[in-house]
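There are structures below to look over.
Below are two complexes that have chain A in common, paired first with chain B and then with chain C.
For the complex of A and B:
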């Protein structure tokens, strides 16, 4: 979208930091239900645009869904590697790869993220017990979002 | 190279088939579930029609003799790589020495193992498909046996993401374009064929009754069992050309659906033709399962074909985009 509206003067970063452009991007994000977006420019610099209160909370390290009755230091997250829609169960299977309460081993697939026609795995980083799923089926998840909480093995 | 460690009978090398030689009595062969073969190839960066392994008897075990990328599509065989479970419809890089195992699927019938670069057996008449009846194509014109080693061509496409990835199965992605099974009965769309009118009022039962796929079914054809439909008076027909999807009515009154290894000619009256775009679903139907024919039209068949084409194009475009996005993020 940005490419088509690219202006002649100024770097891409400068163009995006233009208040009118920022406002337009924020409107698009809100319209699409997206909380934040990161844009990498040619010179490698990152621009992060955050909208709404939800995103502000997350920025402050407070994940509203992760506020489960578990000690924050005793659990590890299993994160989404890519933005897409959360699939707790593979569409061709009847049951999840790992049930809540089950033990998981490092690199085990515990859920999926659907991106268009493709599916990416969500993996456990270390051995432990799958304690909670923090998003609902079909919910939009972002890159690095916590989807599962795993209690590490002793 | 890949080495077969364990296999049942009738597992073969298949691509999309051998066309242009039916006049010489050469069956087209090719994958029973062409869609699973095409999707598997796209996941590993191949052209849709590269040769792959069609696995229909289990358990099947195979060892990779070099690092490569592979995809397992079609029936969910609880695939395991060095003992670790893989999701169905999945692609991933594998290392030399790793062992892939496939078990008997609980649903569906056939799995496809596609390898980046494709299986590099010598093409015969433009295809690498195995013709079991002709005894040519594939690996020495026969089905696979333990200790067989198969050459794999060098991969040309982009690298498959390290952690593996999958694809929405066609049954999910294309659910709106195929009739859903009713009480476990697969609905197969067909159009009336040449001798349909000869069956008169009896023909109606062809559509209304549920048929069972009998144990006398294979890649050549499915023999169905049910209440026989017979002609009022027998007719003698000259032999004529036959293609996969043709539903014949032998004197027994129980239909035969010609499949991938279809005869090139036959003389039984033709009741109907299964629309091409529904053949992959029949290819995944198991012996003993039930099917019912649903009267369709050329317009409906074309519409479904367009949807399948759009799905395949979507997969082809999105695979390299995903690989690029993951590579960009891992560089951080």
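For the complex of A and C:
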């Protein structure tokens, strides 16, 4: 299944963030064989729409569709420390360590990188709110790649 | 032992991780893609925005800018291979390319190391063992024992007297011009041995030294070989790499000028035979000193060389493609009878460095213009806007020309150099332009000391 990344220069209206609209877009994408797309708006919003089995993530607490509006300069990245495939949920657990919108503390595990049987954690560098996940489940990530965006606590 | 020839339709690997950076990463990647294989490029954080990131199938960062934490980090490279499903690793040159432990680790991980067996890397990495192997294979060596020097100075002095001064003391684990000292008379022997031994202990982790006759005005001539798992070994002609500064090659050419063809052929055959004897696999280079009509083996590089393009230009053989085929277990596409070299080729190493002080010149390239036309090849990874990192080797491009004769190749290189422009950083382009106007160089009257002497006079 293809993975698409779309940069849109026009504005993304609130209507488009309506769950029903997103559901319809997801169905269209799935029909077109697209696994996910990202839409970055002029005002700094990052929206990921995930289709098919990848959408099961939403049930695990990581809901890329529901990415909250994020001001680019107000967030800090949580980065992968190793090259591997992004795992939002540890294979031995049922739920993600932290859901989008949840508060996180320094060094808290927020996701994982898998290399075969080896599972390495991705940790929050500081306290704040988990605002967005910038990659899709199973995506190849490298050392230093941003995987989550965290809005620092005031 | 010969292996059964695998089927081309059932390759040993379909995806290659290229464990290197810069121009050689791009060179290997192109050959890999041409063969229909998928590629994984790795990078450090400093190379995250390298222009070649777009060219391959996958591109993944494996560590910080420091080579030790990225390109030399064996675990990180192997984990990246595992994560991306690569079936083979091409090490390029430098970094992990001549690391026997890495080659073993790759095989232990169930992957293919695109290079010789670890045993061959280890043997050739030990200069004493290499010399012994070459003597056994009939390859001519520099006069001197094929054993480590004893501890006591009196015995060493007796050996030096036997060889005849001047002699050179070398670290068994050294290479690339490091860990060696020339001794012109007996009074300097003791200090030279103790200093070199300490240097060898610190730099190479072992204090073993050996001694050889020091040749005063030799040329650096090397032979390119290719070997497969089926007892086939060929040599692809020879190169002259005498134009060196501090043991770093600056200009290479193929063939070496003015060496009788029968002498060349005899040494080339012995190199190929030596490969069969030691069970060599893949590409390799035998390096010799050449003086007064005689060749003396100095070392073997068990990897692809920076200067391999000049041999590709004169032989018409894609050496990286053959490396990949050999790693697949396939036989070489050529026999010795098929090897026909034609014309003359030069390579200029374009470095990001001051052309007078040779100080590294990292920074952003504000404009890059490279030449073209018949017989001109440019191997580079840089484009306008590329940032030359201070963390790595300063090589930013290789300018290669080919023409029917040496004289025509020189003229072609002059035009190619004139058509090359790199702005924003200092490069050694002015040095190359001057060199290709230098009468003695153009007449082929050089040795390994020529460039340093010429630079010294140029400074005055």
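Basically, the second predicted complex is superposed on the first by the 85 of 154 C-alpha atoms of A that agree within 3 Å, B and C clash if a C-alpha of one lies under 4 Å from a C-alpha of the other, contacts with A are read in each partner's own complex, and residues count from 1 in each chain.
Criterion: a residue touches a chain if its C-beta (ideal position, glycine included) is under 8 Å from a C-beta of that chain, and two chains touch if they have at least 3 such contacts.
Computed from a predicted structure; not experimentally measured.
K.L.:
What is the contact status of A:99 with respect to chain B (first) and chain C (second): first, second, both, or neither?
P.N.:
The answer is neither, since A:99 touches no partner chain.
K.L.:
Give one of first, second, both or neither to describe whether A:118 is in contact with chain B, with chain C, with both, or with none.
P.N.:
both
K.L.:
Taking the superposition on A as described, I'd like to know which of chain B and chain C A:143 touches: first, second, both or neither.
P.N.:
both
K.L.:
Mind working out whether A:85 is in touch with chain B, chain C, both or neither, as first, second, both or neither?
P.N.:
It touches chain C, and chain B stays clear.
K.L.:
Spot which of chain B and chain C makes contact with more residues of chain A, would you?
P.N.:
Touching more of chain A: B.
K.L.:
Could you tell me which stretches of chain A are touched by chain B in one complex and by chain C in the other?
P.N.:
On chain A, the residues that contact chain B in one structure and chain C in the other are 82, 114-116, 118, 143.
K.L.:
Of all residues in chain A, which touch chain B in the complex?
P.N.:
40, 81-82, 90-93, 97, 107-109, 112, 114-121, 123, 143
K.L.:
Where on chain B does chain A make contact in their complex?
P.N.:
Going through chain B, the ones touching chain A are 76, 84-85, 87-89, 163-169, 171-173, 311, 314-315, 318-319, 322, 325-326, 328-329.
K.L.:
Which positions of chain A touch chain C when the two form their complex?
P.N.:
Interface residues on the chain A side: 82-85, 114-116, 118, 140-145.
K.L.:
Per the contact definition, I'd like the list of chain C residues that touch chain A in the complex.
P.N.:
Those in contact with chain A are residues 42-43, 45, 48, 58-64, 70, 76, 79-80, 82-84.
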